[in-house]
Every structure is written in C-alpha cells, then in structure tokens.
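Two complexes, one shared chain (subunit A), two partners (subunit B, subunit C).
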Partner chain A sequence: MEMLQSWLVVPFTYAFMVRALTVSVLVGIMCPLLGTYVVTRDLGFMSDALAHAVMPGVVAAVLAGLHPLWGSVPMAAAVALLLGWLVRRTGLSADTTIGILFAGLFALGVMVMSMVRHVRINLEDLLLGQVLGVSRMDVAVTALLTVAVAAILYGLHSRLLFVSFDPLGAKVAGLSAERLDYVFLVLLAVVIVTALQAVGIILVVSLLITPAAAALLVARRVEGAMALGAGFGVAAAVVGLYASYHLNVASGPAMALVATAIFAVASAVAAARR
Partner chain B sequence: MASSAPISVRDLTVAFGDTTALDRVSFRIDAGQLVGVLGPNGAGKSTLFEVLAGLQPFAHGEVLIHGRPTARTEGDLAYVPQKERINWRVPLSVMQVVMQGCIRRQRWLRPPRRADLEAGEESLRQVGLWSLREEPMDSLSLGQQQRVFLARSLAQGADILLLDETFSGVDTRSREALMKTLHVLRDQGCTILLASHAVDQLEYNCDCCLCLNRGVVGFGRTRDLVDSGVIRDLVGS
Partner chain C sequence: MTVPRSIFRLLSILLVVIGSALAACAMPMEAPVAGDGPAAENQSLRIVTTSNIVADWVRRIGGEHVQVTALLLPGGDPHTFQPGPQDVARVADADLVVMVGMGLEVGWLDQLLEQARADQAIVIEMEQFIDPLPWLPMEGAGDVHGDEEMHADDEDGHGHDADADEDHADAHGHDDDADEDHADSEGHAADDHHEHGSEDPHFWFDPLRVRAAVTGLAQVMGTADPEHAATYADRAARYGLELDELHAWITEQVSMLPPEHRVLVTSHDSFQYFAQLYGFEVVGTIIPSVGTEMEVGAGMLAQLVDTIRDRGVNAIFTETTVMTDKLAAGIAQEAGVAVVVQLYTGSLGGPDSGAETYLDMMRHNVETIVQALSTQ
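For the complex of A and B:
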C-alpha cells in the first residue's frame, strides 16, 4: 500500500511534474470536447494537417524571442481560414487542398529551422511534445485557452450541432453555416496548438480524435460523448504521464499509446453490444 | 401574378457552367396545396428546391416566397434534404432534432424557452412520435426519421415545406403514415412541395403536380396530367 502511495505521489513532489500534470489534464479535457465535432464531421486528416502547418509560425515566434503560442495560434488560425476559403473558392477537394498546404508549410518550417543557426529549436520536442518542460506561463495560458474554448463551445453547441448534422437544413433555418465553420476552424487551430506542448505535432490527433472517437463508440448522445471523451482524455494524459515518469519514456508517445488502448477497449465494448 | 402566393416563380434559369439545370421555369403555388414535383433523375428537382430555399443562386428570373425574395424568407420555409445529405454520424436524439427548428429564436448561452419546448412537444405529438422523443435518430426507421424532420419544420413555424425525395427507401406502411401526416398539415394550411422521381408515390396523393425536365413540361391537377399522358411521357423519358 505504501509502495503504491509512493508510486502515485512521488512524481508530483517535483514542481515540473505538477505543471506537466496540470497542462496534460487541461489538454485532455479540451481536445475531446472539440474532438467530438472533429470526429463527427470527419475532419481528422485536416486536424493532423493543421498541426503540421503551424511549423512556420512556431519557428517565427521563437526567432522573434516570443513564446511559440504567439506565432502558432495566429498561424493556425490563418491556415484554417485559408483552407476553408480555398476549398470553397477553388473547387479543389478538401483532401487535396489540405495535403498541399500541410506539406508546403511543414517543409517551410523545417527549412527555416535548418537555415537559422543563432537560435536553437529542438525539432524532436516540436514533433513529439515536451510537456515536462512547460513553464508557469504555459500553464496559465493553457488554462485560459481551455476556459475560453469550453465557453465558446457551450455558447455555440446547438448551432454547431445543427450545421454538423444537416448543413442545408441549418442554412435554410437561418444559420450562417459558413461563419460557424470559420469559427470552428479557428477553435480547432487554437486547441491543436495548445495540445502541441503535450504531445507534439505528430501525435496531436491522438488526444484530439482518439478519446472522442472512443467515446462516440459507446455514448448514445453527443453531449455524453463529449463528457466521456474528456474523461478518456484526462485518463490518457495522467496515465501517460505516470508511465513517462516511472518507465523513463517520452511523455507524448506514452499519452498517445494510452489513448489508443482506451480506444481498443471502447471498440471491443461497442462490438460486444452489437 | 399576385405576390402574396406562398411560392411564385417566373422565368427561373439556373446554369452550372455550360449545363442548364433549369430553363425558364414559371409556376405559382397557392396556399394549402400538396404539390408533387415529378421528374426523372437530373430533371432539376433538387436544384429547384435549393433555389426556393435560398441555397442556390440563379442567373435569371424571379423567385418570391410570400412575395419576398428567397434571401429574406425569415424562417417561414423549411427544407428536408435527401437522407444522404444528413450527417448521421452526429448522435442526436429525436427531440434534439425537433428543437433545431427553434434555433433562430434561441437565446445565446440560455436553455430553450418554455414556449419553444412546448412548440417542439406539440410538433412531435402532431407527427405521432412523442413517445420516441428520447430515442437516437439513427435507431428510427426511414419513415419515422422523415416524420421527425417534419416535426422540426413545424417547430420552426414554417408554413412552406420542401421535401426532397422523402419517400425514397421508405416502406409502404411508413409511406402511408407519412402521407397521412402530410394531408393533415396540408389541411391546416401548409403548402407542401414533395419531390420524387417515382410517379406511383405522388400520383394519387398530391393535389397537383409540377412535371419537370429542366423546364416545366406540365403543371396542373394530377388526374388531368395522368389523363393527358404528360406524366406517362415524363416517366418514359
């Protein structure tokens, strides 16, 4: 018993672990809340692409001596809006447009990083996340963004659901589907960028999509899926963090693996029900 | 042409690039009519509905809903799209879908008003599905799903209903129940346009038919169109 207590408590005698836990829990809540819409709207690939496309913004912010969020949030919002605009205006498919922007902007970010010598940016941290290195400012910003995203989603929930379920009917009923789509894309950008510090560019979808998809497999209602998804997200974040500490493995991949395990269990439960 | 008719269309032309989807379509529909919109696949039925609903811009002509341009219909028109255009991955209950009809009246960050909840309940009772209000939409039969969409239109307060291929895939018994509901709504003053490519679904149930094949090939009482052979020719085409 004492050993278990020590196993659970000791990691959080360190301040950096408490900060990491706080950010991970906040991200674990925020991602599935929005992720439920992402999964039901089939925007998984787009979310992954958006995470890669913010690279130039992150690099620009670091080069300017600013916190990465100052570059990545506006970058992600701009990319999200550009994506929406291009899909609507060019007639190209969403997948094609996303693929072009995703590859081009990620390449631009990596190229600029390799050209700059006077500022050191750790590519591995960007790609896989480094939640153990978050500062008190990161914690405060993450908390603020989590509250803001949750409040906006609460206010827009019924409208976003209508547009997601029946876009044509929603337009005829008087909703501005395009405006709601743009707001959604900007929210998506903010959530992705916030989650990057925990799981990095490559694994961000593991917190955005996996817990939400698992919850949608077992929940009857979308609100239930959001609550359950947030629970799964927090579980993935916390268990992943413990695994990272005790097994001495990278925290981002540990969280992603726990989320995948939760999804596997939810899939088995859903399959057994049918 | 009186401007107060629920639907008034004059010389409507819609083109997609070089393809003309609707060519100089004109008709007028009076209040409280159940109108079948009949035509083969690609005849322009869905395009016409999208124009009436204000979803599709048009190159030429005039379309008035209660005497107003389609962009300013203010919720008096409701559109039930083909079931393939609904995103069934969103897990909603029957009541949640019905309450979508009240979305324009919903206040920000507040729960639905009592009057709207009552409107939702009354609408759902009217289509005979109140007992299924908590059920997930995807657990309902096709016919029941269509009745839920009708209830949503009623909760919206719409008096013009556009139903696009509503009977497609619906079994005979559900179709009869659905048609009975439509007749009740028609008798209460609703104007209903019902698009289908299957003549047997409309022939004996609609007050009149609009036969469409990019242009209007016939418009009048269903029986007259059957007797004159217009419907037979259209189906043959």
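For the complex of A and C:
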C-alpha cells in the first residue's frame, strides 16, 4: 500500500510535474469537448492538417522572440478560415484542399527552420510535444483558454448540434451555417494549438478525436459523450504522465498511447453490446 | 446507459486520486522519496550534468564525495536530447546542475531546465569559466533572450548566497515544497548571462580551456560543499596537469602532419577550438552549423563536394552523435575521398569504445585524425 502510495505521489512532489499534469488535464478536458463535434462532423483530417499548418506560425513567433502561442493561434485561425473559404469557393473536395494547404505550410515551416541559423528550435519538441517544460505562464494561459473554449461551446452547443446533424433543417431555421463554421474552426485552431504543448503536432489528434470517438461509441447522447470524452481525456493525461514518469519515456507519446488503449477498450465494449 | 454511469464513478475515483496526489504535494513529507541515493549518502553533493564529458570532469574532481549523473548517455547528441520526466526530476533534485551553455542545450531544453530549476538547484554553465570562440552567422534579429535575462534577474532576487550546506543536509527540503521561500535557501551561484548562437560551445576540444573550466568547476563545487573544497581544488589541479600532458601529446602527434594536410571536414561545426589551437583548418562541414538540428540544403552539399575536391581533402570525419553517415558516404563517393572515419565529439563512447573518459576520447580522436590525414 505504501509502495503504491509513493508510486502515485512521488512524481508529483516535483513542481514541474504538477505543472505538466495541470496542463495535460486541462488539455485532456478541452480536446474531447470540441473533439465530439469534430468526430460527428468528420473533421479528423482537417484537425490533423491544422496542427501541421501552424508550424510556420510557431517558427515565426520564436524568431520574433515571442511565445509560440502568439504565432500559432493567429496562424491556425487564418488557416482554418482559409480552408473553410477554399472548400466553399472551389470545386475541390475538402480532403484535397486540406492536403494541399497542410503539406505546403508544414514544408514552409521546416524550410524556414533550416534557413535560420541563429535561433535554434527543437523540431522534436514541436512534433511530439514537451509538456515537462511548461511554465506557470503556460499553465495560466491554458487554464484561461480551456475556460473560454468551454464557455463558448456551452453557449453555441444547441446551434452547433443542429448544424452538425441537420444542416438543411438549420438552414431552413435561418441559422447561418457558414458563420458558425468559421467560429467553430477558430475554436478548433485554439484548442489544437493549446494541445500542441502536451502532445505536439503529430499526436494532437490523439487527444482531440480519440477520446471523443471512444466516448461516442459507448454513450447514447452527445452531451454524455462530451462528459465521458473529457473523462477519457483526463485519464489519458494522468495515466500517460504516470507511465511517462515511471518508465522515463516521452510524455506526449505516452498520453497518446493511453488514449488509443482507451479507444480499444471502448470499441470492444461497443461491439459486445451489439 | 449502464456503462457510462459506471465510468463516471470511475472518473470520480480518478479525480480523488489526482486530488490527493496534488494535496500530497502541498503536505510536508518525512521520507526522502524523490532522491536517488539511500539516506546515508545524503551528505554527498548531487550533481547533474547535461554532457557526459562534463560529468567525467566532475567525477575526477569530486570522486567519492559526489553523486554525478549525466543526462546524456554515451552516444547521445547534446543538441537534440529529449529528456524524460525522471531526467527532469534529477535536475530538480540536484544540488548543482552543470550545463555547457553557449546554446549547446538547445532552445527548449534550456526552457526545460529553467522550469526544473525553478523548483531547485544551483545551475552553472561552463561558459563562464572559459573564453569562448565566436561563431559566425550573427545576422541580426532574433533577440529571443531578452526575457530570459529578465528571468535571471528575477531569480537573483531570491538571494545569492550559496549557504547550501545545512539546507541540503536536512535533505530533500523540496518535499515540503512551497516554491518561493524555498528558493532563498538555494542560492544562485552562477550568473547566466549569455547570448546563444553567437558562441561556439565545443570548447572541450581545447585541453587548455578545459583546464580553466575544471578549475572553475572545482571552485563552484567547493562553494556548494565547503567541507571538501580543498580536496576538489587539489584534484582539479592534478587533473590540470594531466590536461597539460594531453595538450603536449596532441601537439606532438599533430606535428607529424605537414601543415597542408591539416584540413578537417566534419559532420557539424564542432572542431573550431581544436583547429585554432593545433593549426588545422575546418574547410567544410556537412551540417553548416554549430548545432546539429539543421536540415541540409542541396546547394551547400554541392559546395562542400567542390571544396573537398579543390583542397584535395582525403578524409571526412563523421561524429558518433550526429546522424550524417549516409550523407558523408555520398559526399565521399562524389568527391573521391578515401577515408570516412568516426570521431567522438558531443559525447563520450560507451564501454569498450576506447573513449570512455575525456582523456581517452581526445587521444582516440587525435590518433584517428592523424592516421587518416597522413595516408595521403
């Protein structure tokens, strides 16, 4: 018992681990809340693309001596809006447009990094996340954004749901799906950028869609799925961080793997119920 | 709906666990849980270094009075190291953290150490003991460091005296945390004013600068552990003699090479100190940077091939810590270079490598270089 207790407690005798946990848990809550819409609207690829596309923004911010969030949030919002616009205005499919934009912007980010010699940016941290290095400032910003996103989602929930499940009906009812989509995309951008701290560009979808998808498999109502998804997200964050500590492995991949394991269990449960 | 409900229950249990974990952080605890050594060894100075080369020096100076851990295992690249949580925890636990500085521990690792150090520890950078060589590309902009400096001042506010001894004797003081007040027992021995990217961190290729660094290191260790200060100074001085010997030996070895053969092509720009001291010229590097995380451009490689041909270079030196073997082989083939050999540069070698200590690593490298360049 005592061993278990110290196994549980020791990692969080370190302030950096507490900061890492706080950010991870917040991200673990915030991602599935939005992720539930992402999954129901089939925007998984779009989210992955957004995460990759913020690269040049992050690099630019670091070059300018600013916090990465100053570059990545506007960048992600701009990309999200551009995507929405392109998909609506060109005849190309959403997947194609997304693929073009995300590969192009990611390439731009890597290229700028290789051109710049006097400021060194750690590519791996960017790709896989490094939550162990978050500052108190990062914790505060993350908390603030989590609250803001949750509040906005709460306010827009019924409309978002309407547009998601019954776009035609929403139009008839006079809801502007277009404007709502833009708001949603900007929210998505903010959530992704916040989650980057914990799991990095490549793994961000693992927190955004995996817990949400797992929850949608076992819950009956969307609201239930959101709550359950947030629970899964928190579990992924906490269990992942413990694993990361005790095995001394990178935290981002650990959390992503736990989320994947949760999904595996959820899909088994869902299959058994059929 | 049975499943979700039971999961909610699970969730609340989980939250209780997290909550109690968080609460435990705020509670004072008796047991020295977070340290690595048994209680009996609490007196010994716990030192964490980033580079395992620096750890070797610390071991020579500190011997049985210190517990030294290098974050980098042999063969790890200090430029791109990814620490795990226990590595960061070691940093937070340490009495003394020794970095190389000068941008070696890249951007976000700096930040990581900064954050861990907010918990604990005195951090010093070897940079302060030596006179670094500048590194060229300084084209303006990019003042990332403004806020870093501010941060340093901020920390100075917590008191400057390293009255470390007693505070550390009551072992693992950080378990009863409370961040701020804690900080003044910790003293901040080193001032960390530095401009990254404008200095070349690879000073360990110059044994004379290493002697200066080792002397400085012994002083800092003596301040943190006054009881053994004399021993540290003594051992540093003795090691200094070995470094002088090493320098003499290298000079002699290198003198066997005619000056026109003293040209180096390496994986990244890590040999400037060596070149300057022993009359070599670094004519080109595969990665044109003192860092290793840069992507290589096609134009630069072509240029390197031309340079190698023009200068009649007959050997390319790759580095154990930099993944350029494939590129090096390609360049060698293209430019008609006969020899491609590996040197230990950013990290000591593993067991049986013949480069397990700093002195062995240097001897191994010099022998390799002299041998490769004399087969013309």
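Convention: the second predicted complex is superposed on the first by the 274 of 274 C-alpha atoms of A that agree within 3 Å, B and C clash if a C-alpha of one lies under 4 Å from a C-alpha of the other, contacts with A are read in each partner's own complex, and residues count from 1 in each chain.
Assume contacts are C-beta pairs under 8 Å (C-beta built on N, C-alpha and C of every residue); 3 or more make two chains touch, one makes a residue touch a chain.
Everything numeric in this text was worked out from a predicted model, so none of it was measured.
Q: Could you classify subunit B and subunit C on subunit A, in the superposed arrangement, as clash or fit?
A: In the superposition, subunit B and subunit C stay clear of each other.
Q: Rounding in steps of 10 degrees, give the angle subunit B-subunit A-subunit C taken between C-alpha centres.
A: Reported to the nearest 10, the angle reads 170 degrees.
Q: With the two structures laid over each other on chain A, which partner does A:Ala268 touch: subunit B (first), subunit C (second), both, or neither?
A: In the superposed model, A:Ala268 contacts neither subunit B nor subunit C.
Q: Where does A:Lys171 make contact in the superposed view: on subunit B (first), on subunit C (second), on both, or on neither?
A: The answer is first: A:Lys171 touches subunit B but not subunit C.
Q: Let me test your reading of the model: by the given contact rule, A:Tyr245 touches which partner, first (subunit B), second (subunit C), both or neither?
A: Second partner only, subunit C.
Q: Comparing subunit B against subunit C, which has contacts with more of the residues in subunit A?
A: Tallying touched residues of subunit A, the top partner is C.
Q: Is A:Val218 in contact with subunit B, with subunit C, with both, or with neither (first, second, both, neither)?
A: A:Val218 sits against subunit C, while subunit B stays out of touch.
Q: Taking the superposition on A as described, I'd like to know which of subunit B and subunit C A:Arg19 touches: first, second, both or neither.
A: second
Q: With both complexes superposed on chain A, which partner does A:Ser6 reach: first (subunit B), second (subunit C), both or neither?
A: So A:Ser6 only meets subunit C here.
Q: Contacts for A:Ala227 in the overlay, against subunit B (first) and subunit C (second): which applies, first, second, both or neither?
A: After superposition on chain A, A:Ala227 lies in contact with subunit C alone.
Q: Quick check on the superposed model: minimum Cα to Cα separation from subunit B to subunit C, whole Å please.
A: 12
Q: Counting contacts the way the document defines them, which residues of subunit A are shared by the two interfaces, the one with subunit B and the one with subunit C?
A: Shared contact residues on subunit A: 219-220.
Q: What residues of subunit A sit close enough to touch subunit B in their complex?
A: Listed in rising order, the residues are 39-42, 154-155, 158-159, 161-162, 164-175, 216, 219-222, 225.
Q: Quick one: which bits of subunit B touch subunit A in the complex? Just the residue numbers, please.
A: Against subunit A, subunit B makes touches at 50, 53-55, 74-75, 77-81, 85-87, 89-93, 96-97, 99-101, 103-104, 106, 108-109, 136, 149, 152, 156.
Q: Which bits of subunit A are touching subunit C when the two form their complex?
A: That would be residues 6, 8-21, 25, 62-63, 65, 110-111, 113-114, 116-125, 128, 130, 132-135, 218-220, 224, 227-228, 231, 234-235, 238, 241, 244-245, 247-251, 269, 273 of subunit A.
Q: If we count contacts the way the header does, which residues on subunit C are in touch with subunit A in the complex?
A: So the residues of subunit C in touch with subunit A come to 1, 3-4, 7-8, 10-11, 14-15, 17-18, 20-22, 24-25, 29, 31, 33-34, 79-80, 82-89, 92, 103, 106-109, 111-112, 114-116, 118-119, 137-139, 141-147, 174-175, 177, 179, 196-198, 288-289, 291, 293-297.
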